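These are the structures, in structure tokens.
Heads up, the next two complexes both have chain A, just with different partners, chain B and then chain C.
This part shows the complex of A and B:
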């Protein structure tokens, strides 16, 4: 069983990584990007109860003051019409954050987790063509040496 | 390589291949080297074939890989230690071992001259250079480069760059405690249009941001302050960015001796082994091209600072308890290199199946060669093993016995009893053939601006302040933690608003003691286009004068060399190396500043559409010195209105290679030269004046010349200054204001002296180039009167500061 936890900066706060990406998109000469929000995704393998997942999300993976999390649901920043780019590690590439997450889960006294994977979701709002979104993903977000990406419109 | 299928490991399925090189024709030998990414040339392949012919068997894949990495340029420095057939402006000579004749000889000469006062502890031997600090501690310092991996994956590459260099002091002697990091980067201009970036290269801004994030995340998580650094930009770094990372550490006096003994167990500590970083050593001996992305993805390593931090904590505890005899880090070449080095004088036997793996399916040679990060190798006497393992268990650090040291002088590697490799230590370490390489250096001729400069130079000063090479690097430095460990005295940014550029960093690492370490660097890329000799001389001078500017004593400064060069098989690149190395000898000996460690990285070239872009020959000099009393150091910002401004050092007509000429699109020919003998006298005098408390502020003049130095002193102190440039000590050939203000002549400082102390100050510089040139004002304007008696610069310091800050304010 896979438990998917998504963590993101509260929508009323500035997402610094997102603001940075907007500037880089302008450098790419792509116009129309209105807002960018980053979502950190953690997928945990193994038998984890809902309560345990809530504890992992709130105590280990997110900062309750500045961040929000969802478990197995669509993240807050994802709104209709937004582009969602998800960047994952290629097979065989060491995912150190996932390794440390697993260790952290065990330290919390939760036994069921057998594996973990992390990825990054970028939610992009604005009038941008699919080819431009692909360009953004390829040139600014995913490094093909170690990562791959997928694009969806919500 | 990347497309090789991963087979699931079963006991039956472990493949140990034999490579048929006995009797192979030359073209077959070359093909074996090429297809296996060995980076061995024909001569080396022939020597290996002959060796195995004598043995009566072919080598295994692991043996060949092991030889390739031990003999790689990265590990053996074949170019520097080799034979060079050199021609300089038509004059020919044969150089046998350039490194020995220049860098190493400089240190030997200095140590001999110092005699009983020699303060070097270990030079060029261990993973880092070591000098004396105080009665209880020695100081270890190492600077590495991590260029090729950073070109492919900037974040991961820089991450492992800093992670790797931290393990160098940690693997020096019986282990030094890291106390600071520094880093210096060279990139292509970050505003390059995306369509100008060739296929297979990441955009320079992306590389820049990725590298900074990589260093930041690793350094900060290790709890080591990043205290010093610099950034440099040139189009030729497009395919090959340079990422220099350094770490300094303290090691207890008496913990320097290390020697693995027969019967000691080989213990791997820290990270697990994966396929990451395979061929790192040989990969860094290849030119990159757009295929590099796929052929070399194995060379990308992923760093994990949490694992390294835990391993470091365990090692430092075990050091205190004397639980091991020898230690080294797993860097390029992985276990093969680490164990091969440690067992060089004894012999070693490895059992590869014991190594903890990240995943199955690794061939034995891959386990042997993997450059997975965060691994240290220790030699633990059997009687201490239980205690050591308990310590590791308590700290949650993985530690596994993977073999033992022997007395056979052989490097034997087994996998579940099967022979993977059986190498003579002597052939492995001393077998590499030496052969002459041609090198040429001819004095070039460059263009100079023909249009005379305008009468008012204010706009030009603003322009120079705003270019990438001169502009404020605060955006980068603020991402690093320079305060952790609580030892910083002089920080990267200083002044009224903590945003002026410090010449050097100072830390007082031992709690309760004012004794401090000063860290600085020097690099003079554009001068190398005119003459690498003066580039190297200027880099040493810059590093040393930066340290002197804050209060270092030149007799207690040690330096490190890091050469990043193009392909040394091309005679012009190698000619540059000869010129630069000779300057290193001349200047270091005159200054009495020994080289204690260094590194070279060649093949920094990128093939694009049939053409090759080589990086400019780049020499980084890092300096570290001992300051006896940290309370006496000075920062560069002007402190109070009414104080006097002095200039030290002669300004020559030396605009060649200057930042000023760069803004005008020229290189020029009059490169800054150096009179090291005269400079040393001044550095001694300045060091003493600072110690005596006669100096309120001191700043060296470097990129952008005196105009930039004056502007920085003023806006950092939020004060103005009125300067009469006619009073500057200058050479008779300086006939224009632009030359006077923007020449980058070496060995010059701007000094602020308290009103009333001028006589005492000036008396210390009798017979040296020293002149009062103006005073600090509270007007917030920088006014410089030129040669014709009229102001040539008249600017609001806030406007100058804005020009300097806005470029990299991302």
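This part shows the complex of A and C:
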């Protein structure tokens, strides 16, 4: 069983990484990006209960003051019409954050997690063509040697 | 003067541990560098020490967020010892990554905590991404908050000069009540300022911290955390312009360690 947890910064706080990406997009000479929000995705393999998933999400993966999380749902920053780029590691690439996440889960006394994967979801709002979004993903977000990406419009 | 024993806690990714040991030993204490596993396995006991220091670095690579994984480990594996340490009125200092750990365990500011600020309290502030989105590594001025209750900083009345090195140092409150409570209890300890003690936007405030706060303590003043690195400025020659005659006899950070050791020697 896979439990997917998405963590994102509170909407009223500045997403500094998102602001930085908007500047990088401008440097690519792509116009129209209005806002960017990053979402950190963690997929946990194994038999963990809903209560354990809630604990992992609230105590380990998210910050109660600055962030919000959802379990098995589409996260808050994804709005209709936004482009959603998800960047994942290729098979066989070491995912160190996932390894640390498993350590944290074990420290919490939760025994059922057998594996984990992380990915990054980028929610891009604005009037941008799909080819420009592909260009952004390829040149700014994914390292093709170790990562791949998918693009969807919500 | 009674001997003071300090435990400097380290784990994977800690990188300011030896400087912190040096600073406490310069101040007259005996400092042990101890891996957290030695405590969780029962090989070392916190209650043999008067001061606990959680040094700077990138514990567990800052994976997930800075200090989070070590905070979870402390809360789940050694919380009984940490709670007793705090409840006994012993001193705790968290520097940079250590400050992030103390905030994420709820030990700072320690609201809703148990006796004398002990116990894993609900987290009510956090240290968040710098507004700049960048890792800032340079020297800053810190103005002590007048009347603050922190035992580590008593006698520091003018701005001090310390280095920072962080990407997640913006202190934010969960709500206005927490901010008001912290102000009323005089738990704000240092604010980012210019050399004359005047606050201002970036670059004076390097990360966008609310109320310009660089360091806070709990209600007893015995648990203290700050983003800048006092252990990196205990000698005059660590001042970036010491050859131009701008340094004093001791680095500005030394007073924090001297105060802690003197307090522990007399009171603990």
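Everything below uses one rule, namely that the second predicted complex is superposed on the first by the 154 of 154 C-alpha atoms of A that agree within 3 Å, B and C clash if a C-alpha of one lies under 4 Å from a C-alpha of the other, contacts with A are read in each partner's own complex, and residues count from 1 in each chain.
Methods note: contacts are C-beta pairs under 8 Å (C-beta built on N, C-alpha and C of every residue); 3 or more make two chains touch, one makes a residue touch a chain.
Being a predicted model, the structure only gives us computed values, none of them experimental.
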| query | For A:92, is the partner it touches chain B (first), chain C (second), both, or none of the two (neither)? | reply | first
| said: According to the stated criteria, A:100 is in contact with first (chain B), second (chain C), both, or neither; which is it? | reply: both
| request: With the two complexes superposed on chain A, say which partner A:131 touches: chain B (first), chain C (second), both, or neither. | output: neither
| Between chain B (first) and chain C (second), which, if any, makes contact with A:24: first, second, both or neither? | first
| task | Return first, second, both or neither, reflecting whether A:143 touches chain B, chain C, both chains, or no partner chain. | result | first
| Common ground on chain A, meaning residues reached by chain C in one complex and by chain B in the other | 20, 96, 100
| remark: In the complex, the residues of chain B that touch chain A are 6, 152-153, 155-156, 191, 194, 202-203, 205-206, 209, 274-276, 293, 297, 300, 302-304, 306-307, 358-359, 372, 810
| task | Would you pull the chain C residues touching chain A in the complex into a rising list? | result | 60-61, 63-65, 68-69, 72-73, 75-77, 104, 122-126, 128-133, 172-174
| field | chain C contact footprint on chain A (complex, rising order) | value | 13-14, 16-17, 19-20, 59-61, 63-66, 96-97, 100-101, 103-104, 107-109
| Parts of chain A lying in touch with chain B, wherever the complex brings them together | 20, 23-24, 27-29, 92-96, 99-100, 139-140, 143-146
